[in-house]
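Letters A, B and C name the chains as they come in the text, with residue numbers starting at 1 for each one.
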Amino acid sequence: MKNKKFDFKDYIRQRFFPHIWCPGCGHGIVLSSLLRAVHELGLNKNEIVITSGIGCSSRISGYVDFHSLHTIHGRALSFATGVKLSKPDLKAIVPMGDGDALAIGGNHFIHAARRNIDITAIVMNNRIYGMTGGQFSPLSGCGKQATTAPYSTIDREFDVVDLAKSAGATFVARSTVFHANECKDIIKKGINHKGFSVVEILTQCPTYYGRKNKEGDAVQMMENYKTNTVKIGSKKLEKNPGLIQRGIFVEKNDVPEYCEAYDRIIETAMKGQA
Amino acid sequence: MKNNNIRFIQGNEACVEGAIYAGIDFFAGYPITPSTEILEHLAARLPQKGGKFIQMEDEIASMGAIIGASLTGKKVMTATSGPGFSLKQEALGYACMAEIPCVIANVQRGGPSTGNPTHVSQGDVNQARWGTHGDHSIIALTASNHQDVFKITVDAFNMAETYRTPVVLLLDETIGHMREKLVIPEPGELPVVERLRTSVKGGVDYHPYLPRDDGRLPMSDFGGEHRYNVTGLFHDMWGFPNNNPNVVGGLLRHLVDKIENNVNDICMYKEYWLDDAEYILISYGSSARSAIHLAKNRRARGIKIGVLELQTLWPFPTEMIREKCAGAKAVIVVEMNMGQVVTQVKNAVDNPNSVFLANKISGELISPEDIKSLLRMIQGKGV
Amino acid sequence: MERSRIVFSGSGGQGVITAAIILAKAAAIFEGKNAIQSQSYGAAARGGATRTDIVIADSEINFPKVLQPNILVSLTQESYNKFSPIIRPGGLLLVDSKYVTIGKKVDAKHKVLPMFDTVLKEIGKPIVFNICMLGALIGITKLIKPESILKVLETTIPKDFMEMNKKALEMGIKMGKKS
């Protein structure tokens, strides 16, 4: 479909709409970036399996016209590992929320990264549990308001990029929903990368996070993504080191991909038989 | 009989051989006593036949991985014991709801909690039935010797495919660890059920969750030409989330009926000397060995005693048990727990007061002597 | 032979479990008998008194454990002390003379043989102590044929070690027959 002009209707299941996301939610931009990425890569819809867990973000899997597996909270990467290892020709994409990926699913996240299995993990970071109504997540950080932190949070946050790097992910990148084109390009690179790819996308939850933390409406929150982030290594960091960096932090091609490594195990085991 | 088809192995290995015979393609697991040998042997055996083995980061992930692999069209299994079986329960419920064929072996050890890892127990019978939340039905099979462990493992894979459901293999530490002879059947000797795939052509609307007239749901592999949604939410015939009361009620009824309505096909058992039995020992797994041992021994002394060995624990074969026990003076359920199957048997028979429990819960295999003491008491002979 | 109920005991690392598997496998696969082997799991496998049960019979074996062995082998004092009370009165109790001093109160036919010392002297490798013990046991009891044990060994151990194992087995058989 590469040569055809992009039409989102080619990639969604209209039966599933309207979607469940609140007005102003950033998740729709992630969805559109993902679909544009798939379109530009010219992938066949039959070769894509999208696996998700539970939460607002996880509903993406149902909206797209790929093979879709909407699983249980936090465990999407383990289901996707089974899909990918059993049929390595498939492209495995796993959109996750911040709580889904890094609280209940944190163990699967670091182990999938350690194995370097060829899965593209998209962490849709809105710094809150949206579906359950605004509880703080491991990415909220200190001093934030949430329904479970009425006196503000004392929990420190993970840095998804640092965590993914340390756990051994071979492609690590970050973008925001304000930078929709960059987002699409990074997802494209993540999908094309042979190995475990982590794409963190900052996406606003005006309903819970924004309102509770007085960060304004959706427009204001997106404006903040524009002003508070810079490209990796930007000169602006010298003056303002607190700015969040965007771009590709890790892109390693010298680490064996898990399914390919297992193919060599099969060769060895079969030789032993002969 | 060729010598290379005869093995002298542990029960856990007999389970592995059964899985290979049934056509297992994919295994994910996590080490836990006393089931670890299943994991170890499949790590060696699966890649030899081009299959895949993965040691996951935990029990939950293992369960997730086999469900994912099953959806690509593979025959899948995981193995665990007590604490690991607890951890798998949420994903096991997912497999019930999304109707994913898979086999879960639980080599039972003493519990609750970490319990008695290297010793035998049969304390997970009810957990196999009700471990995951919500209403559902489940198939759970067990066996008392290696030849039968092999066979019920094949049956487990077959039933998982036939009914699109998780099947629990409830083995126990004694059977899993002891070594005895296994004769591996020739190919074709035991039936092997392959996955039922849809005949709906690409481009035609495929309904992954619309049962055929016979209740079966043909599948389409992930990667194939039918793209559909799989979810743990209540869903319609396309697999789309739906909480319409008719859809919810209908799906739950389907999940239960597809198993309970086939209880006669799923129900497997063995009987010994039941024809004229005044005393019936009902048992399963390693306890059944002691029951058979005692019955043989008492028969030689003229006592009319028989054994009903259950191989299907769930769905519970209520009708069969009622019929078999109709003429008995007393029924003794022999099991290594505080009375999990005995409750079901009391519900099944016409005279619950004639049902007794001979149990052992100390981590040792219940012995024929243990059962004999109760039998003598019931006979009014004193201990 | 109707039914032999056998317990091998010793300490972790002496190879009693391996010996038990070899014996039971030889009986089950190469002599057409029924046989079951089981063992205690846990810390015993890494030191302490190890125990493994073997039942060999012409008829079907249901209850797989041994409550009262008619043959007990103890290769350490600790295991002798622990398990000699469960032997069937008058049963065969085979011990190694280097490791075990037998008790007067035990009602059993004791066979005290210098298996370990002979292995060390003639072969120089304690690793085949367990095979020598198996030889002694079948030398005394004629439980199964030596060939059956050799057949099992051929399928389970590397070729280079075969000669050593064969020698240990024969030494044991000779000792057993003479005793």
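What we mean here is this: contacts are C-beta pairs under 8 Å (C-beta built on N, C-alpha and C of every residue); 3 or more make two chains touch, one makes a residue touch a chain.
Note that the structure is predicted; figures quoted are calculated from it, not measured.
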Chain at maximum distance from chain A, centres defined as averaged CA atoms: C
Interface with more contacting C-beta pairs, comparing B-C to A-B: A-B
Averaged-CA centre spacing for the pair chain C and chain A, given as whole angstrom: 61
Gap in Å, rounded to a whole number, between the CA centres of chain C and chain B: 36
Chain A and chain B, separation of their C-alpha mean positions in angstrom: 38
Numbers and ranges of chain A residues touching at least 2 other chains: none
Residue ranges of chain C touching chain B (in the complex, touch as defined): 21, 24-25, 28-29, 34-42, 61-65, 67
Chain B partner contacts - residues on chain A that touch it in the complex: 13, 15-16, 45-47, 49, 51, 61-62, 65-72, 75-76, 78-87, 89-90, 107-108, 111, 262, 265-266, 268-270, 272-273
In the complex with chain A, residue positions of chain B that touch it: 25-26, 28, 44, 47-48, 50, 52, 54, 56-58, 60-74, 76, 90-91, 94, 221-225, 227-233, 238, 240-241
Residues of chain B that touch chain C when the two form their complex: 3, 6, 8, 33-34, 117-119, 173-174, 177-181, 286, 289-290, 292-293, 296, 365, 367-369
